[in-house]
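The same subunit A turns up in both complexes below, where it pairs with subunit B and then with subunit C.
Our next item is the complex of A and B:
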């Protein structure tokens, strides 16, 4: 009798231990590991499109097949974003009313630094995107902020991207639980289905890149921000990252967020981090 | 004399019954096609090649020989109502569950699909 009880107790203990072990294992598997994440993310696309050169993924829909690639090369001969580039350069070098310039707000005078955005600001405890940093620079110098979805912001980011072309995306996640949480939050948003159509960002840009949705070829999620901002014939103008996020949400009948809301900032952090190592190609031109 | 006037009426009634069934099916098919192609409704062309539709996408399979593949119309209804039941990962929106289309509208589309 006594022996039986001990056996029972013993097996209960073993079961408990096994449970505890399983629990830690689950936690371990669930623990955010951005390095492993990014590797798996990149490999998914490399394997799905074995014929696409790794550095070509940054050309959005144009990376998806030879015909598209030819179209892209033709476009690059007379790039439709040139006017924005010129405007951006001009704006960048024109002093604010107080005599300062954008260059005073950024490392290296703002030249060749696009690949470091967004970054996690440990003082604020949040992700700071390039668009946000530009407007903060304006406000710090007594200027009104620009709309996140209009031409001025696109021109500024176009110029900053252009001076950074070819530099590998280099996003850091500092050793700060809030940074990891921001990354994880962005990833969650990206994979969560929403709206009447029940799409997630991943439905279109992970599950179906290269496929046509009506007449548009879907860009792969890998390197999807490296070419921002983009000129789109459909817009007959430039679009910022903010504009693209809002458009993707509203075109699929999901309620778009405010540009530069925490969640969009986190999505940008996630998408940029998993593109680490791929070159900046912005500004881009799209059909 | 009393029977005679009834006869044409009966005939007309019979003709009406015989005539309306295909007529209604016809209009259901046409309505179904309209709903399937309408961008604000089914918008099925976003993802499927369908005979008679312009600018189709390539995300889903071409919709053809549907009657051979799905002889049971309930199955078709279920696919349009909520394809995530069959395939949780599907891109296809749950048209019925999310009330993009009413049951009546889905039925019309099913009628149309069965002609493909």
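Our next item is the complex of A and C:
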């Protein structure tokens, strides 16, 4: 009888210990760990495409297809974003009505800083993207904000990206629970299926990079924002990161969110962080 | 003979309500249900473009007096909106299965 009770007690103890271990594992899996995430994210792509040089991932579909890459390299001699780049440079140095310029709003006069955006603003408790910072600069100097999706905003960000070309993406996540929450929210947005097509960002850019969706070759998610803004032949013009998110959502038949909504800011934060170390290649050109 | 005639009449009468043309009241009820579901989806930040299109088509048909088409479009919108709510609800946890770890 005593023996039986001992066996029962022992079994109960083992079962409890197993449950406790499993619970710890679940908690560990749910803990936000951006460093581990970024490492796993990059390794996934490096292992999936062992022949692609790490710094080439920022060239989107061209890193996936040699023929496309050769065509693009020839196009780069007279790149389609050149007009936007020139316009952006001029706009950047043209003073506002109050005599100040964009340079007054940014560290290092706005030159060579693209790799640090978006950042987490601890005062505001939110992610601030380069596009948002540019419009805030305009408004602080008495100017009307630009559309977030194209034209002037694309030109300005094209110029700022150009001054950062080759610099490694360097996004920081401060030791602030709100920053971690923003990062996690961005991650959630990236992996969440939406729209009638039931696609997440990851459905195309993690599961299927290099594959074709209709006539398009899908770009890998790794480094996808390093090339922003881009000239897209499909758009017959330039587009910003905001435009990219909006059109991706529409293509899945989801109603896009408003540009610079919290979700878009957070997903930009997540995608930029996991691309840390990869060079800025913007402005880019895409089919 | 009399009995089968009565049965046939009963059959016709039982089918009559579903065969009648939709009226404005039917449309309003169908549209209200679709709109409520659509608002719920939008509140979850998961509205579908096809829901918005179906709602617009329902309104357009009703404005033109075609209540059959308006009711059909409104019902379609409601079904789509409910599917988007289901998607948003299930994705609250399901997205984690997609994550690269």
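Note that in this section the second predicted complex is superposed on the first by the 263 of 287 C-alpha atoms of A that agree within 3 Å, B and C clash if a C-alpha of one lies under 4 Å from a C-alpha of the other, contacts with A are read in each partner's own complex, and residues count from 1 in each chain.
In this text, a contact is a pair of C-beta atoms (placed from the backbone, for glycine too) under 8 Å apart; a residue touches a chain by one contact, two chains touch by 3 or more.
Remember, predicted model here, so these are calculated numbers, not experimental data.
Applying the stated contact rule after C-alpha superposition, one finds that A:53 touches neither subunit B nor subunit C. Of the two partner chains placed around the shared chain by superposition, neither subunit B nor subunit C is touched by A:70.
The partner that reaches more residues of subunit A, of the two candidates subunit B and subunit C, is C. Judged by the touch definition given at the top, the superposed model places A:214 against subunit B, while subunit C stays out of reach. By the touch criterion defined above, A:254 lies against subunit C but remains apart from subunit B after alignment on the C-alpha atoms of chain A. When the shared chain is aligned, no partner comes close enough to touch A:136: not subunit B, not subunit C. In the superposed pair of complexes, A:206 makes contact with subunit C only, with no contact to subunit B. In the superposed pair of complexes, A:198 makes contact with subunit B and with subunit C alike.
Once the two complexes are laid over each other on the shared chain, residue contacts for A:263 go to subunit C alone; subunit B is not touched. The intersection of subunit A residues touching subunit B with those touching subunit C, taken from the two complexes, comprises 196, 198. Considering their complex, residues 45-47, 55-59, 84, 89, 91, 93-94, 98-100 of subunit B touch subunit A. Against subunit C, the residues of subunit A that register as touching in their complex are 29, 37, 40-41, 44, 187-188, 191-196, 198, 200, 202, 206, 250, 253-255, 257, 263.
Against subunit A, the residues of subunit C that register as touching in their complex are 42, 45-50, 52, 80, 83-84, 87-88, 91, 94-96, 98-101.
Chain contact summary for the complex, subunit A toward subunit B: residues 196-199, 203-204, 207-208, 211-215.
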